[in-house]
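There are two complexes below, and they share chain A, which is joined by chain B in the first and by chain C in the second.
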Partner chain A sequence: MDVVNQLQRQFIDYSASLHREGFLDDQFTQLQKLQDDNSPDFVVEVASLFFEDCEKLINNMARALEQQQGVDFKQVDASVHQLKGSSSSIGAMRVKDVCIAFRSFCEAQNREGCLRCLQQVTHEYSLLKNKLQTLFRVHITTCSY
Partner chain B sequence: MESCNCIEPQWPPDDLLMKYQYISDFFIALAYFSIPLELIYFVKKSAVFPYRWVLVQFGAFIVLCGATHLINLWTFTVHSRTVASVMTTAKVLTAAVSCITALMLVHIIPDLLSVKTRELFLKNKAAELDREMGLIRTQEETGRHVRMLTHEIRSTLDRHTILKTTLVELGRTLALEECALWMPTRTGLELQLSYTLRQQNPVGYTVPIHHPVINQVFSSNRAVKISPNCPVARLRPAGKYMPGEVVAVRVPLLHLSNFHINDWPELSTKRYALMVLMLPSDSARQWHVHELELVEVVADQVAVALSHAAILEESMRARDLLMEQNVALDLARREAETAIRARNDFLAVMNHEMRTPMHAIIALSSLLQETELTPEQRLMVETILKSSNLLATLINDVLDLSGLEDGSLQLDLGTFNLYAVFREVLNLIKPIASVKKLHVSLTLAPDLPEYAIGDEKRLMQTILNIVGNAVKFSKEGSISITAFVAKLDTLRDSKAPEFLPVLSDNHFYLRVQVKDSGSGINPLDIPKLFTKFAQNQSTGTRNSGGSGLGLAICKRFVNLMEGHIWIESEGLGKGCTAILIVKLGMAERVNESKLPYMPKMPTNHGQTAIAGLKVLVMDENGVSRMVTKGLLLHLGCDVTMVGSSDECLRLVSHEHKVVFMDICVPGIDSYGITIRIHEKFTKRHERPLLVALTGNTDKVKKENCMRAGMDGLILKPVSLDKMRSVLTDLLEHRVFFEAI
Partner chain C sequence: MRTTEKIDGYDLSTSDTEEVHVLAVDDSLVDRKVIERLLRISSCKVTAVDSGRRALQYLGLDEEIQKKETNGFDGLKVDLIITDYCMPGMTGYELLKKVKESSAFREIPVVIMSSENVIARIDRCLEKGAEDFIVKPVKLSDVKRIIDYTTTELREGEQRGARARRRGINKRKQREGDDDLSSSPPSTLSSSTSSSPSSSIQSATAPLSPSTLDSPTRRLKMTSSE
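Let's look at the complex of A and B:
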């Protein structure tokens, strides 16, 4: 039991730190609330879906921005929009913020700015992925008790 | 010897005398025979002859006489007895007929004579009729002249033309020598020769009006013959010839003022002009009656025509005046508008310009207060702060009032919590009241609705102002605030007859009474309280420290809210009561769109309604779709997910109670889907409720949603509690639009 409490505390602390650092926001807490006996792995499922989506979208954007002859900003914008929607649904605050900036560069048709944002997004996304995976490992360990 | 039965004439036939007799007899017989022939011939020719019988008799008589003379011819020679007997017979017959004729003639001749007299009589009558005919014709002629004259006179509305035409036409009709019109002068004491027929420019002859002849003419409405030696008749330079007969007639000059609406023009205050007509001197003409009548009629017509001309002149003048005034008014209005616009521009600028420095002063002084200061410095800073606060309030009041004055202020209607307003006021006033050791109590009637529709901010401002005044002007004692719903009998205030409350189902009248035990107000000063800038200066103890605008603004706000505010006081030192009545709308549904979103605790009833609810979620984004699905599953709904609008239209059925659509993705035509769903489900109860989910939106988008036919709009991110409340509300009211 002690271990469980410890692990639970660890989990709570880690999750709180994530919140503090701005990786996650309230929406993530809401998602956590939705997890119940009917859907015990709800959050993990949503997170996995998010990661898949993210990778796909980032690849799309990279390809679109690499075009030497005429970047299709509309396509890029659409992808960013999707990414923004997904990240706000899951509560990935930092990613969402970068997306907002990304969008304004898209509207301004600024290729340099877009590329920079894309780098940032990729960076944030990988960070988030690592953190979440750590969180889930702790969670799974807790649940298995 | 019996020879022939012959008769011998007494005289020998060869006698000369006998020969003459013979010839005469022959001619007589001839004549006597021809007379009846002639008679018959002529009678046959004429149509009328009443005495045929007499003619026959006469004819017979003559024929027999002729026969007698004819037979006499044979008696000159020896003739037989037969001839003699024939002769005798003829003579006897002749005698008989002639006697009868003679007797007949006795009757007939008087008749014939009377015929003759009748003929004479008829001839006289015919002559008389001819004369009368002549007269009538003349009169008709006159009448025609009058009509023509009238037509000429009335065909123009110009005064001079009327008069000139009159003279010309009269002159022509009556073949006058001279015709003149004398008009009274401005002073009314003289007649001036204004128009003449023959002379071109009448030199200003004047004649004093009080001449016996003139008076005589003026006193009767008939044309009067006057002497040619009369001053008005001396129209020609003293001439060698004898002037003809002169007639004068008066022409009434009517003024607008003579025509009252219901009466005929007064006869006493009339002015007259004089028309003088002169016949040619060398003819022996006399003025006939019909000519005089003509003149009188013309004079009347001229009077009427002149008065019409006068009226027309007046109305033209009035119209010109009106036009001028119109132009002037228009100019004034435009100037006023410019002034108002200038003032508004000024206010708009000054609003910002004045508030900014004020704000800076207040903020910095309060900051300064926080720092280390010497006591004198602190006092100075406090004074600065107090004064600038006062100034800020004053500026606000002035700007508010200007907005109120020109009617540009509109109430910000919304649903609000009435109880909260009062509590807020209480909270604000408690600190000051406790400093002054005043006890403040608030009583809200139980039937006072918790929510109401009105301008929350301004209502609070008004109540705060009144309560603030109560606190300000009370040095000790207590303040009591009561609020309740006013019934009709308590609404009327005899001092405000123009306040006519109307009760209706959607509104109620809130009555707030603030009673204080302060210094009171002299009842005579009460009317001045609500006027701008009028301070109550009567007692020195009233250190109001505020401008006189507060109550004036309150009154205006209250008026805008269709209410009434007044103060009652029994006198100085007896405290006063401020009473405020405003009209507020009843809030039936608390979840009006203007209401700031307040999450309610879910009721059990709501809970059961959501469980098992069949819901369709359409979202292109996989992650957000999953999140929404998770939310709804957690709440117990039966969720169907679709990723595109086509799928949505395919799968939607009447079993789905709600359809959530994510509209923030640009590719989705949510309005199109809405319309198609509306078309698919014509019956209202079969159609699922359509709710839009969106991450960002503005009023326009929200209105578009409402117009397209959506039943709701929710902003993402949606928390669990929010989704629960939204669903509950949605199912209860079938509409939910989140406040933007």
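Let's look at the complex of A and C:
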């Protein structure tokens, strides 16, 4: 079926560009390999869990950084550490890289730096979410043939 | 000969077709989902919990929960524990210690996962008796490697137990000239053959010094061959 081939090529091309642009790294490829007929939506499911995690953790960080009485940097760092972990596990390279910088600012107890990183991480997460949703739409369409 | 066939027909190993049952411990939902999939693809049964405390509860080791059964198992026998290092409450290291300090469960191999590749941390875990240390993100090759040698150790354990049973049976035959194998086994037989292969991998749990490691992040336990 020509349409399926086209879609598959689209998927591969788009997936490749996400890798090239640094949104995804090899770990994402590893997860794609774990998908099969028994578990056809594995990557979508993991990604969904990741996005839920992101939202929760970003909220935690924002709340902690808003504290006027004094920021608990350990608390912020704990959330960043978790986000770094899950982004690493899914292959979300750009999110992970921001987290690494974020942790340094937490260690330095630098509120401004932390706020900048929070902005960046939110931005990267939104970008990735959009791109993965596009990727999954192509995947789901391909599978429905 | 009839007796030989009986010995050969004796059910020596039931574990060849049984899957390895892994208890996976990680506070991250994403990581739990990934490790569960990695283990299932490697043909394991998986029980995933989100904390060290829950892991101990599952094993029946939680002091606050009374053991109702004699062996304290809540569920299936656990063949392997894979745990994250950094967890709130009880760390993977603390869980490792509790498992290794327990007489009932110290033989269960424990693998530590960590996003941080810190030599001191790795050494500390290995010295406490960890089977292996995986740096996250976990890949299929990591899991396959661990399951491979866990399966080998389990199978060798069963084979050792089976050989011991055969020796025990032969000895008894020599003594009594008794063909009947249905009478109760003599006390020389290892009692561990009916439960986990704990006594047969005892040698594997003795911690190796860092100088004997292939690499800081990996150490294959070599079981002693007979």
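Annotations
The rule we apply is simple: the second predicted complex is superposed on the first by the 145 of 145 C-alpha atoms of A that agree within 3 Å, B and C clash if a C-alpha of one lies under 4 Å from a C-alpha of the other, contacts with A are read in each partner's own complex, and residues count from 1 in each chain.
In this section, a residue touches a chain if its C-beta (ideal position, glycine included) is under 8 Å from a C-beta of that chain, and two chains touch if they have at least 3 such contacts.
Keep in mind it's a predicted model, so treat the numbers as computed, not measured.
Of the two partner chains placed around the shared chain by superposition, chain B and chain C are both touched by A:34. Of the two partner chains placed by superposition, chain B and chain C are both touched by A:53. After overlaying the two complexes on the shared chain, residue contacts for A:82 are found with chain B and with chain C alike. Of the two partner chains placed by the overlay, neither chain B nor chain C lies in contact with A:9. Residues common to the contacts of chain A with chain B and with chain C across the two structures: 27, 30-31, 33-34, 39, 42, 45-46, 49-50, 53, 78, 81-82, 84-86, 88-91.
Residues 26-27, 30-31, 33-34, 36, 38-39, 42, 45-46, 49-50, 53, 78, 81-82, 84-91 of chain A are the ones that touch chain B when the two sit in their complex. Partner chain A is touched in their complex by these residues of chain C: 28-31, 33-34, 37-38, 40-41, 86, 88, 115, 136-140. By the touch criterion stated above, chain B contacts chain A in their complex at residues 620-624, 626-628, 630-631, 633-634, 662, 664-667, 695, 716-720. Taken in their complex, chain A has these residues touching chain C: 27, 30-31, 33-34, 39, 42, 45-46, 49-50, 52-53, 78, 81-82, 84-86, 88-91.
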